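The letters A, B, C and D name the chains in turn, as written, and every chain counts its residues from 1.
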Amino acid sequence: MRSSVPSLRLPCSAAATQVSVFDTDDKPHEQCGVFGIIGDPDAAQMCYLGLHALQHRGQEGAGIVSSDGSALHSVTGLGLVSEVFSDASKLAPLVGSAAIGHNRYSTSGAASALANVQPFVAGYRFGQLAVAHNGNLVNYRSLRHELESKGSIFSTTSDTEVILHLIATSAARPLIARIVEACESLSGAFSLVFLTADKLIAVRDPHGFRPLVMGRRPNGAVVFASETSALDLISAEYVREVNPGEVIAVDVNDMLIATSYLLTRKPRKSCVFEHIYFSSPNSIIFGHPVHASRYNFGAALARESPAPGADIVIPVPDSGLFAALGFAGASGVPFKQGLIRSHYVGRSFIAPNQEERDLAVKLKLAPVEGILAGKSVVVIDDSIVRGTTSSKIVRLIKNEGKAREVHMRIACPPIVGSCYYGVDTPRAEELISNRLGVNELRQEIGCDSLGFLSLESMKGAFGEGRHMLCDACFTRKYPVTAPEPLAAEVGDEAED
Amino acid sequence: MRSSVPSLRLPCSAAATQVSVFDTDDKPHEQCGVFGIIGDPDAAQMCYLGLHALQHRGQEGAGIVSSDGSALHSVTGLGLVSEVFSDASKLAPLVGSAAIGHNRYSTSGAASALANVQPFVAGYRFGQLAVAHNGNLVNYRSLRHELESKGSIFSTTSDTEVILHLIATSAARPLIARIVEACESLSGAFSLVFLTADKLIAVRDPHGFRPLVMGRRPNGAVVFASETSALDLISAEYVREVNPGEVIAVDVNDMLIATSYLLTRKPRKSCVFEHIYFSSPNSIIFGHPVHASRYNFGAALARESPAPGADIVIPVPDSGLFAALGFAGASGVPFKQGLIRSHYVGRSFIAPNQEERDLAVKLKLAPVEGILAGKSVVVIDDSIVRGTTSSKIVRLIKNEGKAREVHMRIACPPIVGSCYYGVDTPRAEELISNRLGVNELRQEIGCDSLGFLSLESMKGAFGEGRHMLCDACFTRKYPVTAPEPLAAEVGDEAED
Amino acid sequence: MRSSVPSLRLPCSAAATQVSVFDTDDKPHEQCGVFGIIGDPDAAQMCYLGLHALQHRGQEGAGIVSSDGSALHSVTGLGLVSEVFSDASKLAPLVGSAAIGHNRYSTSGAASALANVQPFVAGYRFGQLAVAHNGNLVNYRSLRHELESKGSIFSTTSDTEVILHLIATSAARPLIARIVEACESLSGAFSLVFLTADKLIAVRDPHGFRPLVMGRRPNGAVVFASETSALDLISAEYVREVNPGEVIAVDVNDMLIATSYLLTRKPRKSCVFEHIYFSSPNSIIFGHPVHASRYNFGAALARESPAPGADIVIPVPDSGLFAALGFAGASGVPFKQGLIRSHYVGRSFIAPNQEERDLAVKLKLAPVEGILAGKSVVVIDDSIVRGTTSSKIVRLIKNEGKAREVHMRIACPPIVGSCYYGVDTPRAEELISNRLGVNELRQEIGCDSLGFLSLESMKGAFGEGRHMLCDACFTRKYPVTAPEPLAAEVGDEAED
Amino acid sequence: MRSSVPSLRLPCSAAATQVSVFDTDDKPHEQCGVFGIIGDPDAAQMCYLGLHALQHRGQEGAGIVSSDGSALHSVTGLGLVSEVFSDASKLAPLVGSAAIGHNRYSTSGAASALANVQPFVAGYRFGQLAVAHNGNLVNYRSLRHELESKGSIFSTTSDTEVILHLIATSAARPLIARIVEACESLSGAFSLVFLTADKLIAVRDPHGFRPLVMGRRPNGAVVFASETSALDLISAEYVREVNPGEVIAVDVNDMLIATSYLLTRKPRKSCVFEHIYFSSPNSIIFGHPVHASRYNFGAALARESPAPGADIVIPVPDSGLFAALGFAGASGVPFKQGLIRSHYVGRSFIAPNQEERDLAVKLKLAPVEGILAGKSVVVIDDSIVRGTTSSKIVRLIKNEGKAREVHMRIACPPIVGSCYYGVDTPRAEELISNRLGVNELRQEIGCDSLGFLSLESMKGAFGEGRHMLCDACFTRKYPVTAPEPLAAEVGDEAED
């Protein structure tokens, strides 16, 4: 799901002269989590809990659409799940035994549009249809161009809307055939859940870029979710992944499950960053437990890029934790918590006239001088994107924590390619590893040594299934052609 | 603009166990006011003021869309203009020299959907297109059915959305031709303003059901508005009505005005209720000053249905004021203000366990005992719809005001037909004059005498142009066939 | 109740670069309405309704305190009654059969402090005590100084707080004796209602500056209110005024009514502006119906200051209405509604770069050209304070309404004295009639003739009881010495 | 600061039928953090940052009062610092070079009263005085009784208000002498910061129950704060503790620092729970780094209560982290992160009809099956209060995490005494260790073994200064007599 054109119904944006603390986060960002459930008397409540368990995949907005068997009901809003559904009354309209939900990722600093919060609901000739999408369509512009040339109008700036149009313009019957026909046109990453009055349908793109799993609750309800963490929370058993290219439909009346596949077959290319950073450590993603991958990446990093003479290993919390434990376990260097992360800063601001240049980072991460002072410290981070934060962290550890040496170790390879499959990475020229070699980067960051995990080591550490991973951000080998040039703008047909 | 299907994106509605004071208003309700301006450096601010002047036409929501010459910007919200645009920062995003705005009418008691607040903005092959609509399309369902069968999807439940689809699916060029082609398909009432990146277009249906006027500001800006009151407020000169069937386009670059007409010609049928109740008394509607019509209706009523022996004439404020002055002027019975209207009650509630049955009316209207006590009182109201309020007013005047006699006079004929052209009237069976004759109604209301203005007298009082009026609500002679039966539901195509 | 020192707990105020429409109102402003009820199972609901009926006396804040027989419960907030009590759940905590309420007047443009919203509740040695106050204490500063010198601390900047301190420091018993002792110290205007766990007490200052009436509901509940309009709304019978200097206590257990009087006896000095402008036209104030006073003022004005050759008489709505009817009745010049008042503008803003200088007035008052054009118009306003609005109204009627002549008639004498008894009037030097004689003022306003009602005529028109009126704002004959010089600041004792 | 009497100005509370996630937290709760700064051009901004660093000490409300040298300015509100100060405009009114701030602790489930949010500001004979308080006065009731008997009125239900009254009723001069005199009367815990127009004063009770430190910014500004973490964030150097019984005053004009002491000398009794749970791990409290205490408590626990045969050690995050690292370090059992804590749940709710009994805990803590399955797991928690959560955590680890054995180790002794010095602990009968011995508790919790750290070991691990600790919650040896019996109610003097 992406949102590239200025939003149409944007609520007016405050002119932000203050610095948001969000801006200090130098991470790629997942774009959304999806959830669906059918056959549960508390479908909306289960959906609400599932979205809680997927909250880390998107914080800009959240929404739930339920079906009561004949009509859809929708509640969407900007903000966290706990803000959109601030009390039980917010769930009250969402009656029925089937529901889908969506967490939307927050584009830092940009004005947010309520109209772009999913699930989208549309009326068409066969009734109502709702959809929630995780991923990104690389052929969105050409699809939209084609649909517009046939007379379609668009009420959002999201690539997800083209999917609804493609289904609405399909002549195929029944619904599952329309969905297959529509999805055959899509290129890129899509893990989708659809809801109609009587059916829940899950679809995953042929490459299997983004995760999507299936589970079952003790009461027989069928669940789909981006991660197994959402299954665990509602005591649903993990059944299996939705396979790449698979379309699974469940009927609300008889709970029969119909499975089919998109014709297009593609090599599996599952996003390795789900294991590096995005997914919850307690999730099983692409069949592998995430915490184990991270631990193994850290251990491999210790072997490949050791820090001889180091006194302690500390993570950049929270994302570097498991890799730091792996590094400590493999190297024998003691693990310590040398940086304390505040979990309250959220939407704090810092006045622009603030003298302290590293204040935003300090507000989030507090160094523990008693642990760091005089030490040679290995700092484990999961990744470096723009490189804007690493130097601040090093200064924090050295100047405030009084560390003697800082050895930074990154539990993945240098990022050199933008992602076109549902991850918000900056443009290639903004990626620091495209501009600086490792040694230059070390100087820029100001640490005493710097090491990345090599691609080979990372895949080795991942183990079985290593060949199914998409590594385009490290290699620029894109499994699907990058998006058409921007020349093909939307709504661009020339008048006479 | 209408909203007949359950709303899709409805924010959850509080279960209302309390009685809203709004429910006490036994009036037909106008559905919306529209405004457009082009060629003004303060276009959005002028639009904001224009919507203030049209606030009486709709209080559920308000919105403005502006064009900066290349892109549209939108701010919409639920509530009054002063609530949606609560401070100047709310107008800040609305840059550019052209803008359109809309006031949405409040459906009493129903949950309101932000998605249904106009102006609507859509992207299509030629760029962005915004629209604001006053009126009601009688062939909405068949148009939507037809569009859906060709693959269109709908994101609102408003009839206005079909207009955007019709334009998007039109093959005609340039824009004005597409608009003409689209509007040729429409049946019913529509006063429309459109905005694109570089054009403002006003359209009025061939019958001219709803008002739409054109004006010009001293700086040359061209203005369209539902009523001349909006022109007055921003010191725009009233140029003329947009003619029935006329399409007027103004280009932002050269300010050239292009006028054309829909092919369909129809007899003029302008809504007489604009003069009876809806429009602001200081507006000129269909070329006639509203205050004068009302005064004349009251004077005609005095002649046709006098109240011999009455001591005073009082209006039901505020809408009965001018007719009461007319009645007093023609009859010589002194005009008094025997009922005081509170202007603060707005969204007040009354707890349901309230012992006082007439409390909601008392909260709004306070009788002045010193004026009413012991008197024979003529009470002038503009109309009776369901008849739910009149008896309460009579009780108020008799029991609390201690009046000796109450002679109710209504400044229009009995309402016997629902309106299909943009006025929210109850279904025919709920119209009290369909159930009770004048004498029965008098008994039900509890007044000592009751008189309506006859259709002939009303038209006579209106004077020149009387033949151009739509009087279907008094005669059930509908200029356009009533809507297709509800059997033709939207999104109703059967699956195999 | 006044609030002269910068508020302590002020919520941060938006830097207002926009012009509030409120600023266009050139009227003195009443400071508050009070209400109390005891012996009613729906005490809080009755209080809520009573505050609605008194809403015109203050719009800045509202609050209700109830007693359940052993403890007090409080809900207060900024804004209108319908905003503070936005749904029935807001009344839910206010259990018990006794309650008092307060409407707070809105100081235009100033930051409002929630801490200053009444009723105030305090704990002291005998339990809890709540108070609501209409009026102004002229010896507030010396009382506060004295209390502070004995160790009292103040949590508000309201003069009302000293009353609570005086009661708390009184050695007298029982409660009514403490209240009498405390109120003996007060100088100025005070209509008060107190609530304790088991008693409702009403007090009025010896001059009887501000109104306070007593009523009884059919169920036996005893009611106190600033105006009879609040009695009418809840079907309470008007019993009598609380007499000047009277203290009436009602016990919740036996409903016994105990009356006593302050020792101090003073000549009655009731505020004539209650009849000119403040009170609701349907209220009976100081035993006189307000609508009749206004009509008589207008009639006297017609005799004293006729406008020969005038075609029509129009009011400045809504406050000039009854005087205009009186003028029309006495002069024979026809009454017309030449200005339409918008009741939606409320908290609207106008961007400061607005070219139109009279826009704020136009937003509120719309001239009806068809009534005014070419006419010699008598315009009736109730009063002129700073004179800032009158010229705008004259321009509106002449330029936009196209009137030939405008003859302004003011239904009270020129205001030359600030009020120290609970009315918010500007300082003496800002009163236009202190700077300009009638003829100069006519030129400034731009009308063709200008006439004020003389004090003698006004009193004559008032009739019986004319000698009991406070007319200090017209004569500067203050019944109570003006407040001590500002030198005596609060919290001003010098440190060593 | 405590708030024991029903709040007077309580905003109406929603009847909560839903279960708050907050309820799952079985911890004692700190009551508030305080901050003060003087001599800084950005005083309010520094205060805002300081409150951020102290946010863990209280989340119910926050406030800042600044002085511009002649007047105080205040902004307070309910919620987190980032909610009360949601954008930079909220700080705008807080001008001046001195400021104090306060974080208020959230009483779970209770209605919160804005009136009780500190700093409190009062006017008294010498001007304005503001105060922020961390701690609890055990003689609040008798002080309030005494003050009320002399005529004081109370506008809050907080013990802090008596301090202001005591200062106001003091005859001493200058200010510092009044503060000393007032504080001599206080019994219990108080770390206080006061602000007047020209002075910042910090006071700590003679026992030194709660922490309070002094620091200095590079620009010379003097800072007081509950914890050194607040100094670190604003780059203030840690100077020293405010000594028990010390009063430090700083003048805004000359920045001179005057120190004096309360006459009463008491043995030092500093709250050991600051080290066990409350304070930030990167703070230095009572001269000891908190992270080191916790590590040492964990190491001592491993020695005293080992878990032979255990496979892994995991913390209950986040508070058990350092103790778990200490346990792992001392025992050689590997440290793992077997529970993942969600940092988004905040104000989430769970519908009451939820079948899952342990859901609230699961929403906050997710077990990592891949780490726990089949293992013998040592779980380190910092403390057990009611014992309501421990059994849920054990079930989580066993049932969902599939652990073979769970050995719970608590890094402090059993809690058997309520705290009267500023910590919110339940009444003695609700403390599980008062009802169950260790073995019974083990059965109740359902773990395979249970061990607490003994008091001796804890003090031994604390090292130097062990004798200065208050351990009343473990020993019921209260350094200050427990509060007077509740019989002495406030506002309780009998009427005749």
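Heads up, the rule we're going with is that contacts are C-beta pairs under 8 Å (C-beta built on N, C-alpha and C of every residue); 3 or more make two chains touch, one makes a residue touch a chain.
Per UniProt, the chains are A, B, C, D = Amidophosphoribosyltransferase.
Here the structure is a predicted model, which is why all the values come from computation and not from measurement.
Q: Kindly list the shared contact partners of chain A and chain B, in label order.
A: Output, common partners of chain A and chain B: nil, no chain qualifies.
Q: Quick one: chain A and chain C, Cα centre-to-centre, how many Å?
A: Computed value for the inter-centroid distance: 59 Å.
Q: Go ahead and note the Å separation of the Cα centroids belonging to chain B and chain C.
A: Roughly 36 Å separates the two chain centres.
Q: Counting only residues that touch at least 2 other chains, which ones in chain B make the list?
A: Each of 14, 91 in chain B touches at least two other chains.
Q: What kind of graph do the touching chains make: line, ring, star, complete, other?
A: Drawn as a graph, the chains make one closed cycle, so a ring.
Q: Can you tell me which positions in chain D touch chain C when the two form their complex?
A: Of all residues in chain D, those touching chain C are 5-6, 8-15, 71-77, 89-94, 114-115, 120-129, 145, 148-155, 157, 164-165, 168-170, 173-175, 490-493, 495-496.
Q: Chain C touches which residues of chain B in the complex?
A: My answer: residues 14, 17-18, 42, 45, 49, 52-53, 55-56, 59, 80-82, 85-88, 91, 229, 232-235, 280-282, 284, 289, 291-292, 318, 321-322, 325, 329, 334-337, 340, 342-351, 353-354, 356, 359, 362-363, 366-371, 400.
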